[in-house]
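Same chain, two partners: chain A is paired with chain B first, then with chain C.
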Partner chain A sequence: MAKAGAIPFTTRWMPEMFGIGTLVVAILIFELLVQSGVVNRFIIPPPSDVFLAFERVVMEEDILGRVRETAFEMTVAGVAVVIVGIPIGALLYRYSIWRRALEDWIGALAAAPIVLAFPLFLVLFGRSSTTIIVMAFFHGLAPIILKTVEGLTATRKVLINVGRSLNMTSSQMFWKILFPSALPVIFTGIRLSWTFCLITVVGVEFLINLGGLGQLINDLAERYDLPGTYASICFVIFVSVLFFVILERIESWLQPAR
Partner chain B sequence: MTSLSSDSLSARTASASLAASAPAMVIDDVVKRFGRGTEVVTAVDHVSFNVAQGEFVSVIGPSGCGKSTLFNIIGGLLGDYEGNVLIGDERISAPHPEVGMVFQEESTFPWRNVIDNVAFPLELQGVAKSERMDRAHHFIDMVGLANFEKNYPSQLSGGMKQRVSIARTLVSQPKILLMDEPFAALDEQTRLLLGDKITQIQQQLNQTTLLITHNLTEAVQLSDRIVVMTYRPGKVKRIVDIKLARPRTSDVVGSDAFGHYVAEIWNDLREEASRGMADSESAASRRGAHG
Partner chain C sequence: MAATGEMTARARPVAAPVMGGEASARSAFMLRMACAVVLLGMWEILSRSGLFYGEVVPSLFKIVLAIGALLVDPVFWTNLRVTFLEVAASLAIGTLLGVMTGIVLGSNRFLMRAFEPYIYYLSPTPRIILFPIMIMWFGVGPSSKIALGALSAFFAVALSTAAGMRQIDQILIRVGRSFRATKWQMAMKIYLPAMKIPVLNGIRLGMGTAIITVLLAETKLSNQGLGYLIMQIYTRFDMPSLYGLLILVFAIAGASNAMIGRAIRE
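Right after this comes the complex of A and B.
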């Protein structure tokens, strides 16, 4: 019998089990579609082949080193967008003239295909991790700035009035009311920014054939090793999941009421 | 009990003698206008009354009578006005440490649990953690939320959240508690019960309190005096002494005297509320005509 107050097993794990179950069912459907010839196996390999390719990719392609390299580039770009983007967002909130002047341009930056500007960055920073990190940083910067502005602007007026009634200084007002109030929206911005960063990191690795998982995907695709290519893509998903789990933990720690 | 048929002059005289003993706050000829040139709207028009130490005064009036403007002026959130709001000899032009404000809208911090919400003003004052926790516990007990200290606002009902806001205001022990329709969003039963709680706290602390409300029963249940305002521009129409016995509970709402006070004040308010309603309707029809 479940202990009093404990969450029943099915309630606690049902969402996770349902998620995994859905994935397994989707994989099985793909397997059937490819094996039956409905989907061309030269475009999408059977999931069973992809599964078997994992061992080869791990043993022969230095996958851990590549994951480490991609994760490193992603970490540097991801931390940099947070460190730079949130203060820029706060400044745009504070100075409305800057906000009105720059918000549309920053929105345009978010939509711009910065990946295509890789030749320029190669000239500036050389064929190195620095190029990948800088490009990922620029691509990831806009969402976090925009979401920081949005979160701060959305702070309820009554909370600001509580702060005013308590004679709070501007600094207290920011750190104790505006920032915590904006945090859920800022985290949405971080999620978007990190997605942009990871896409850019892997994309530029692929394009300039350098470094981590992007280069491996490029190599395997050039060799027409489709199961290996898809297995490598699974590792990109793994890196993505890893970063989002970390972000989730940080968010739970900073916002226990969530 | 003061005769309810007494005219406004005698009510004012009686009020003045009560307030004259030791006014905790003086509102003297306050005027607030918004807009410029031909677009000027007078929201508060030559409003004067005193609030004595330990007294519970309500300001009542229809929507649009400038109650919330008056709340913001007294709370120091609207510093630009004519006349004087005085605490001692000090004119209010910015939030004053001796005035604690409770707002109409739910104003707890969702990222802080109950005890951290209540201790917030003490944290700003740099009070040591153990002391601020002790004081916060005391006021949480006082508002009847002793078992909810670790809960977050999202886990509380509307009435409980307002009690957290009240405790947060009381914790810094303001000389004057200023409340702007704090129960407006609550159902009638919760409103009556919270009224009991407020009365109990007010008597326990001898807390000078100014309540802004449009709710008649709430005003009569809680107040020593009620300032009745006119519809736009907001002037003092009448000040009524409420001579119901204290200590007072929500049981009082069933008494004949209570009913008489409500009826009497409603007679004053009806005309103002009707003007307000007619004004809203003509504004709506003008919008319709333009639309």
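Right after this comes the complex of A and C.
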């Protein structure tokens, strides 16, 4: 078997380059179709206009302030789900009767289309960041609880026996055996929860036209600024993807610790 | 939503608690009922406490009455039919495109490496932000909601099908080849039966996201559908009906999910 280092760079990365190349060709085809009038530029703006609109969106639409606002809402909701979700998960692990009683409800909460209830949250908390944060919190809470329970339950029996043989107290057992063992799975829960939080934050910002990046898209669409709308959507997608990639990297970095 | 699938798929294997047997199941059931009674009781106390303005927290009786009124109102059923048709159309389109894409990506390693990362990383992004683009492309009618719903369903189905395609037991494929099965026979007798569970799982996840996306799009810009009805009731500040309608929508979404889940298990 040939060593990976012996394979030329272009051959090794051929599929990825092909993917990027296809994307570039598709963009160029769109540019040609729009410039030649085959595709109406009032429906799909030329990709070159979208590219140029990035600078305008960044300079004129206070994108840093909007990123900061979305990040703030995301951070508050994200920290809250961790602070509330992990202890609830640990308690459900500790008291199995409660786990049996409530696990299905928590599963149902995870699958419930909570974001649809935004009119209700608007009535309860007003048209403010609080509404967005509370909704993101509720949407993100269930995954972290379920994953904490799953991670703690999956702790290897031999580790627990080692702890018992050392006469560890319940607290020592949790902090020195159970929690470190469950950490990779708990982090998967954190990643899922934060993904849910981000989807809710941006989605609700867009729907109620308030806050950061979601509102930016809505604003530009209502002004019928097509290149700006496309550029802002691309920007939000880029930020979301970057966020997921970073979380995944941290998760895979934690995996060997198992 | 890929994230949802990952969670629900992995959440299931949580080991059964230490205490087992029928007695513990009964205790858990009783505790669950007690929790429900306490929660409902707290709700009723809050609604009667006068702590909240007007009907923000209506009494349970009023919510039940509102649900009853919605169920006998033809407007509810008309809007439900519109949403149902939009979700069904979006799921059909998303499933068709998703299965085709999944088969292509799952059967070709080169194409998988070239394109699957895009689908994988785009799948958890908030799809509703694409609604302005869908409106420009397909107009303000049901087509834009169907397109957005189809896009939502597509990612879950494509990723699940591709994964299912890669997990097909090679022995089954060799058996098919040894019988000199044609491509059509291979597809119908080997590939599709072997991929049934992953594809159905993908459809279940895709349907969940399609329902949410279509309903959200209806709340944003529409003149029919359950999402539109939610916004109409919200505008009237008819809180018991708003709670009632949301409960019905949650129940419909949950029941649809459960139906496909049961189909998968069977």
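Please note the rule applied: the second predicted complex is superposed on the first by the 183 of 258 C-alpha atoms of A that agree within 3 Å, B and C clash if a C-alpha of one lies under 4 Å from a C-alpha of the other, contacts with A are read in each partner's own complex, and residues count from 1 in each chain.
To be clear about the criterion, contacts are C-beta pairs under 8 Å (C-beta built on N, C-alpha and C of every residue); 3 or more make two chains touch, one makes a residue touch a chain.
All values derive from a computational prediction rather than experimental measurement.
Visitor: What is the contact status of A:117 with respect to chain B (first) and chain C (second): first, second, both, or neither?
Guide: Only chain C; A:117 stays clear of chain B.
Visitor: For A:181, using the defined touch cut-off, is the partner it touches chain B, chain C, both, or neither? Pick first, second, both or neither.
Guide: The answer is first: A:181 touches chain B but not chain C.
Visitor: Which partner reaches more residues of chain A, chain B or chain C?
Guide: C
Visitor: Please indicate which partner A:30 is in contact with in the superposed arrangement: first for chain B, second for chain C, both, or neither.
Guide: neither
Visitor: A:137 contacts which: chain B (first), chain C (second), both, neither?
Guide: A:137 contacts neither chain B nor chain C.
Visitor: Between chain B and chain C, whom does A:99 touch in the aligned arrangement: first, second, both, or neither?
Guide: So A:99 only meets chain C here.
Visitor: Once the shared chain is lined up, is A:166 touching chain B (first), chain C (second), both, or neither of them?
Guide: The answer is first: A:166 touches chain B but not chain C.
Visitor: Under the definition above, what is the set of chain A residues touching chain B in their complex?
Guide: 156, 158-159, 161-162, 164-168, 172, 176-177, 180-181, 183, 255-257
Visitor: Tell me, which parts of chain B touch chain A in their complex?
Guide: 75-77, 94-95, 97, 99-101, 103-107, 109-113, 120-121, 124, 152-154, 172
Visitor: Under the definition above, what is the set of chain A residues touching chain C in their complex?
Guide: Its residues touching chain C are 14-16, 18-19, 22-23, 43-44, 96-103, 105, 107-108, 110-113, 115-120, 122-124, 142-143, 146-147, 149-150, 153-154, 188-189, 192, 195-196, 198-200, 202-203, 206-207, 214, 217-218, 221, 226, 229-230, 233, 236-237, 240-241, 244-245.
Visitor: State the interface residues of chain C toward chain A in the complex, per the touch definition above.
Guide: Touch list, chain C to chain A: 1, 3-4, 6-8, 10-11, 13-15, 17-19, 24-25, 27-29, 31-32, 35, 56, 109-115, 117-118, 121-122, 124-126, 128-133, 135-137, 208, 211-212, 215-216, 219-220, 227, 230-231, 233-234, 237, 239, 242-243, 246, 249-250, 253-254, 257.
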